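Next come two complexes, and both contain chain A; in the first it sits with chain B, in the second with chain C.
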Partner chain A sequence: MTDIATMPRPVSFGRRLKRFMADRPLIPLIILLIILVVILQILRPGIVNERWLANTAKFAIPLAILAGCQTMTMLTGGIDLSVGTVATMSAFIMATQIVNQDPTVAFLLAMLPAVLIGLVNGIGVGVFRVHPLIMTLGTSLIGTGFLQVYQRTVIASGAKIPDFLNWLGTGVTYGFPNALLLFVPVAVLIVFMLNRTGFGRLLYAVGDNERAARLSGVRYWQVITALYILSSLLAGITGLLYIGLIKAPSLSLAEPLVLPSVAAAVIGGTSIFGGRGGYMGTIIGALILTVLTTLLTILQMPEGGRRILFGFIVLFVTAAYLRIVEDR
Partner chain B sequence: MSRFFRNQGWVAGLFALLIFLFVITKLIQPGYGSGDFGSLARAVLPYAFAVAAQTVVVIAGGIDLSVAAMMALTSVTAASMMNGASEEYALFVVPFVLAMGLVLGALNGILIVVTRVPDIVVTLAMLFVLQGAALLVLGAPGGAAAEWLKASVIGTVPIPGLPDWADAWVPKALVLLVVCLCIVWIPLRRSRLGLSIYAIGSNELAAFRSGVPVARTRIIAYALSGLFAALGGLSLTISTGIGAPIPGPYLLASVAAVVLGGVALGGGKGGLLGPIIAVFVLRLVRTDLTLLAIDPNVTAIIEGAIMVAVVMFGAFITMRSRPAGATP
Partner chain C sequence: MTTNPLLDATGVAKNYGAVAALRDASLSVLPGEVHALMGANGAGKSTLVKILTGAIKADAGRILIRGKQLDVRSPAAARRAGLLPVYQEPSLIPDLDVLSNLRLTGTPVEPFRAWVRELGIPNLDIRDTARHIPLAILRVLDLARALAVEPDVLLLDEMTAALPANLAEKVLEVVRRQGDAGRSVIFISHRFVEISALCDRATVLRDGSTVGVVDIEPGVEERIVEMMLGTRIEKTRVAARAANEVAVAAGGRPRLSVRNLQLGTKLNDVSFDLANGEVVGVFALEGQGQDELFAALAGSIRPTGGTIDVDGAPVKFSHPSDAIQAGIAYVPGDRTDALAMQRSVRENIALPFSAGLRKWGPIRMRREQVVVSGVIGRLQIDTRAQGEVQRLSGGNQQKVTIARWIAANARTILCFDPTRGIDVGTKQEIYKLLRELAGQGKSVLFYTSEMEEVQRVCDRVIVIFGGRVVDTFSVEEADEPTLMRAAYGLPRGAKADVGILAEVKPASDAEAAS
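Showing the complex of A and B:
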């Protein structure tokens, strides 16, 4: 008996590779990122320099924060499709209110819709048990409606981008984008929260087995409501950062980031069914997508082609992860 | 038996609500007549097909998030094919676009069956893909529709033996809708296939053990959904005369109408009549808001809020009824 138990059974290479991928999802992701950068360098020799790095980081950071919203909600088996609208709302409100208001007041006004939408999302998902996808889609429609009404009231006063957001979004100090000043604390906070705090463990617990979590005394609706408010707040802050980067307030400012943010979290190894994943993978996923976008731009692939590719990536990666989990 | 009465009762109640709304409309706008009813029928057309597409899949126990994107793709395909082409060419375009919807819908089903990824993720990925494809077909709203197609939804159908005033209340758009839906739905409902669709939605395992070909039935359900979505896309092109690559708010509207129409989101229950009446109810509410001279953007907010409230209510009912259904 002991002989059989201790004898190493032959494991096929494919199986070992799968297990390795499942245990350390970050390594294949980093390899993929490096491959993409090498391809870029081959296609356009000399493109990879200090300026390119700073630029890539600048565009990857808003995507990575929004993907953080997706990561956290996906851990509970949800998704937050209202992040684009929330980011756009807070950016637009900030840009228009700063004209007549004190910066602090403008900031608080900009964060108000984020909190409200997060609260409604949380109540809808946590209390009424609406599917998160439908719920967040609905609130984003309502939010867009409000934004259009709001736009008409401020059309006379005009808009401007606060200098501080300009500095934060586009500025570079000693080769490092200033946006890192915002991103590094946010990333550390999310990683710390997910891995080291009770709230983070609750998210994993709810996503892994909701019934078990409930039976162990987790207040499901409280966790979910807090989660969606947090997600919305992060999206609002991303909007402020993004307006400093794009510098043109519009009613569809952050919408193009929604699909990639879902894709980034999925690529980063977070399961869309909940319970598995982490933020480090998501950050690398966001970097991969940003480099991929640069690559596709160089190859002159149109926006439509990009969306098709992102769709297939989400489907393929989800199917692949499903296989890996089933095998274990 | 009591369930039968309960379901029919729901539809009857909904119909009463519709009549009630018509009375309200007449009170708000005493001049509301057959012409306005005709434009209501035209406005309902794409929504009704979107709802039919969603209903088939929801009855089969799934959900199709790609409905709106599928409509956008079929709409732009039809519009760009008919652009500058002869009137007769449209005779080829219509079956081509319908076949395209059928095939793409079947692709949805095949991907779900083969990859074993849940419906919601597959159709979300397909939403990205179809949106991208729509952008590739037509980068900006444009294209054209054949004159005879445009004429097919405007005006009324002369019925021999009916006086003119009654004739005026039979708009072509309504007749087109009823004919299209009946041609597909009534034979389906009476066939073995229709029964299988209800069976896999009600209890997949029981259906499998009773010899229902689950995989094939699911693929056919999605193919039918694609066909209805293609009809929706065509009707969009016909009624606007152009194709727009950005999907309208049809996804949320379709889910809301399905819920309001008495089709359980878990599957296996309900029919097509309820959701179609629900669409009329939702559109008529919009008409009333417009007649009350409410800002169209505010109308969008109210409409979105109603839809979200309906979905929340539906989820709440499903949640309440589940424990009761488990212990009969």
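Showing the complex of A and C:
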């Protein structure tokens, strides 16, 4: 019997490849990203150059940070749909307050709604057990409402994009977008937090098995409240970066990024049911979505057809990726 | 036997993989009979019931109803054949009102109402949503719903559990009258008092086989206990323990002291002490309040009465983390309650380290690695599939749940049936481990449903029946017949017709006659 048990069964190449991919889920994502870039280069020879790379990075970075919010909340089995509103609010407040305030004060004012919305989200989900989807959707609507009221009070003073944000959002130094100065530390911090800190461990544990976490002494509400505040803070900072990139404060500035941020996290291999995933995958997911958008743009299809294709590709990629990575 | 049996099952067998849940079970119920189905935990009662009611399919055997071969493929088929179960869990759909629930099963409403009144609930509003009805009433409604369709064979699983005394009395009365009306009842119960008051005969299961059918008469409980134990009557000797496994002399105040603990209808009065360096066993039949006792000690639910003292100081736990602070760790019986299945062995073991708000910062990976590999080595956890706990075998998963608390250096471990469903080798390792912990001055509360484990692991054993501690034995006294008798609520040392049957039978007869 022991003989049978220890004898290695012959494994087919496909099976071994699947195992390999399952253990290193980033590899198929990187391969997909490269394939997309190659297709782009074939369709439009010469498009992939230094400028294009910097541009892609610039647009992928805000998406990647917001997708980081989704990654962290999805690890606990949640989601944060208020990131778009939070980003818009902090951007809008920053752009209007900078006109007659000290930059530090304007910054603090801009981050205030982020903290508040995060706190309310966290208490709603963690203490009152409202489903995160509903909770964050609700606070998102409330936030938008407040922003509309706020807009009337500042309508006379006008808005201005601070030079620093302008530099951060669009500037390029030695071929590298300045936004990387913000993004690299944020990404390192998120990856470190998820893998090497107690809080990160708890996000996974709570999302995987809340009961087990509880029996190990974890207080759910503490983890969840801290998580949603952190998520909102990140969203607020993204808003500041994004206004520097878009340069036109509006009440729906970051709204178009919300659903792609969820898609980026899912494509990156984070399970929407919690307990599984990571930020590196999400970053690549955000890059894939950005490249895909460029690809569809140069196809010169009508907007409707582009959206249909985009939706199909996202679905297909996610399904295929899960099939490759899940070890069943 | 002159009359033909209404229900006749013979040679019923059921395997789950390599495990035989039923080997050769038979059950024969005569018309107008209240028939008790008895057996210790794991004897196969629930499997047999599920087969009879069509919830699962038997691998072998024959089931006849009124002499006709019955092919119970589904609960609906069993229903049509006139066999209706009432399970321990309420079966009304919580979000529908009672009336809609009745329509769902095609139950006639008027007879249902009549039965409800009969069973002692005069003012039921059948427009009430089932969710808002108390558990005890729901169980009675289940019974009324079954009675309303006038089944030939009514199958009652622990019908009186969780019922207050007045309702239980009514229920027993109605069941008795079913028999008088020529219908049959299969009555599953752990309570000899009820069985003696109600039943005509009893079928006894042991290890998946029917080992006897007895007439209920005064003094029969001894015979039934003997049957349930089988050949294991002879006193098992306490295994000699190695020097490092012997309990250290317990000096001073007890580590854990529980007094008059109460919790709803489940725990009525539990008091015991747990000393440092001691393994105290808890032995009980299923559903006697042991789950609630462990949950209360672990801080998962708050007791409604009584006190818990740790090292002489009273404590009130409102969250498991409070219990963990006091050095009390809980290893649940169900591994899926304890493990983050998609995470690694290491993360699972280290989980309690990060729980507190102050430990959310960077993890000292190297130190954690040392601690974790230390316990992995000590418990000999097979780490070939350590990336995800769900890929481990059941035994290794169980080891991880215990390893976590050894790594956290918990002073008291509450183990709830830690050897359920794991292989023999791992079981032995867990026994040894628990003894070693006691040898180091730690204390262990150990619930088990397997009597032989008491002898192997415990210093003392408390027996719980109906939410009360009915007896405490030292390990030398706790042989299997003694434990079994105590677990069924029979008084210690009682033999033959002393006691319960003699007292209860006439009283209930008088009641039925009136």
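Here is the rule we use: the second predicted complex is superposed on the first by the 290 of 328 C-alpha atoms of A that agree within 3 Å, B and C clash if a C-alpha of one lies under 4 Å from a C-alpha of the other, contacts with A are read in each partner's own complex, and residues count from 1 in each chain.
We adopt the following convention: contacts are C-beta pairs under 8 Å (C-beta built on N, C-alpha and C of every residue); 3 or more make two chains touch, one makes a residue touch a chain.
This is a predicted model, so every value here is computed, not measured.
Chemist: Counting touched residues of chain A, say whether chain B or chain C comes out ahead.
Modeler: It is B that touches the greater number of chain A residues.
Chemist: First (chain B), second (chain C), both or neither: which does A:137 touch?
Modeler: First partner only.
Chemist: Have a look at where A:308 lands relative to chain B and chain C in the superposition and call it first, second, both or neither.
Modeler: Touch partner of A:308: chain B, not chain C.
Chemist: Give me the intersection of chain A's contacts with chain B and its contacts with chain C, in residue numbers.
Modeler: None.
Chemist: Applying the document's contact rule, which stretches of chain A touch chain C when the two form their complex?
Modeler: It comes out as residues 23, 192, 196-199, 201-202, 204-205, 208-209, 211-219, 222, 226, 275-276.
Chemist: Going by the contact rule set out above, which residues of chain B touch chain A in the complex?
Modeler: Counting only chain B, the residues touching chain A are 63, 65, 111, 115-118, 120-122, 124-129, 131-137, 139, 245, 249, 251-252, 255, 265, 295, 297-298, 300-301, 304-305, 307-308, 311-313, 315-316, 318-319.
Chemist: In the complex of these two chains, what residues of chain A are touching chain B?
Modeler: Those in contact with chain B are residues 124, 128-131, 133-135, 137-139, 141-142, 144-146, 148-149, 152, 259, 262, 272-273, 302-312, 314-315, 318-319, 322.
Chemist: Spell out the residues on chain C that touch chain A in their complex, using ranges where they run on.
Modeler: 298, 300, 319-321, 324-325, 330, 332, 336-343, 347, 350-357, 359-363, 365, 387, 404
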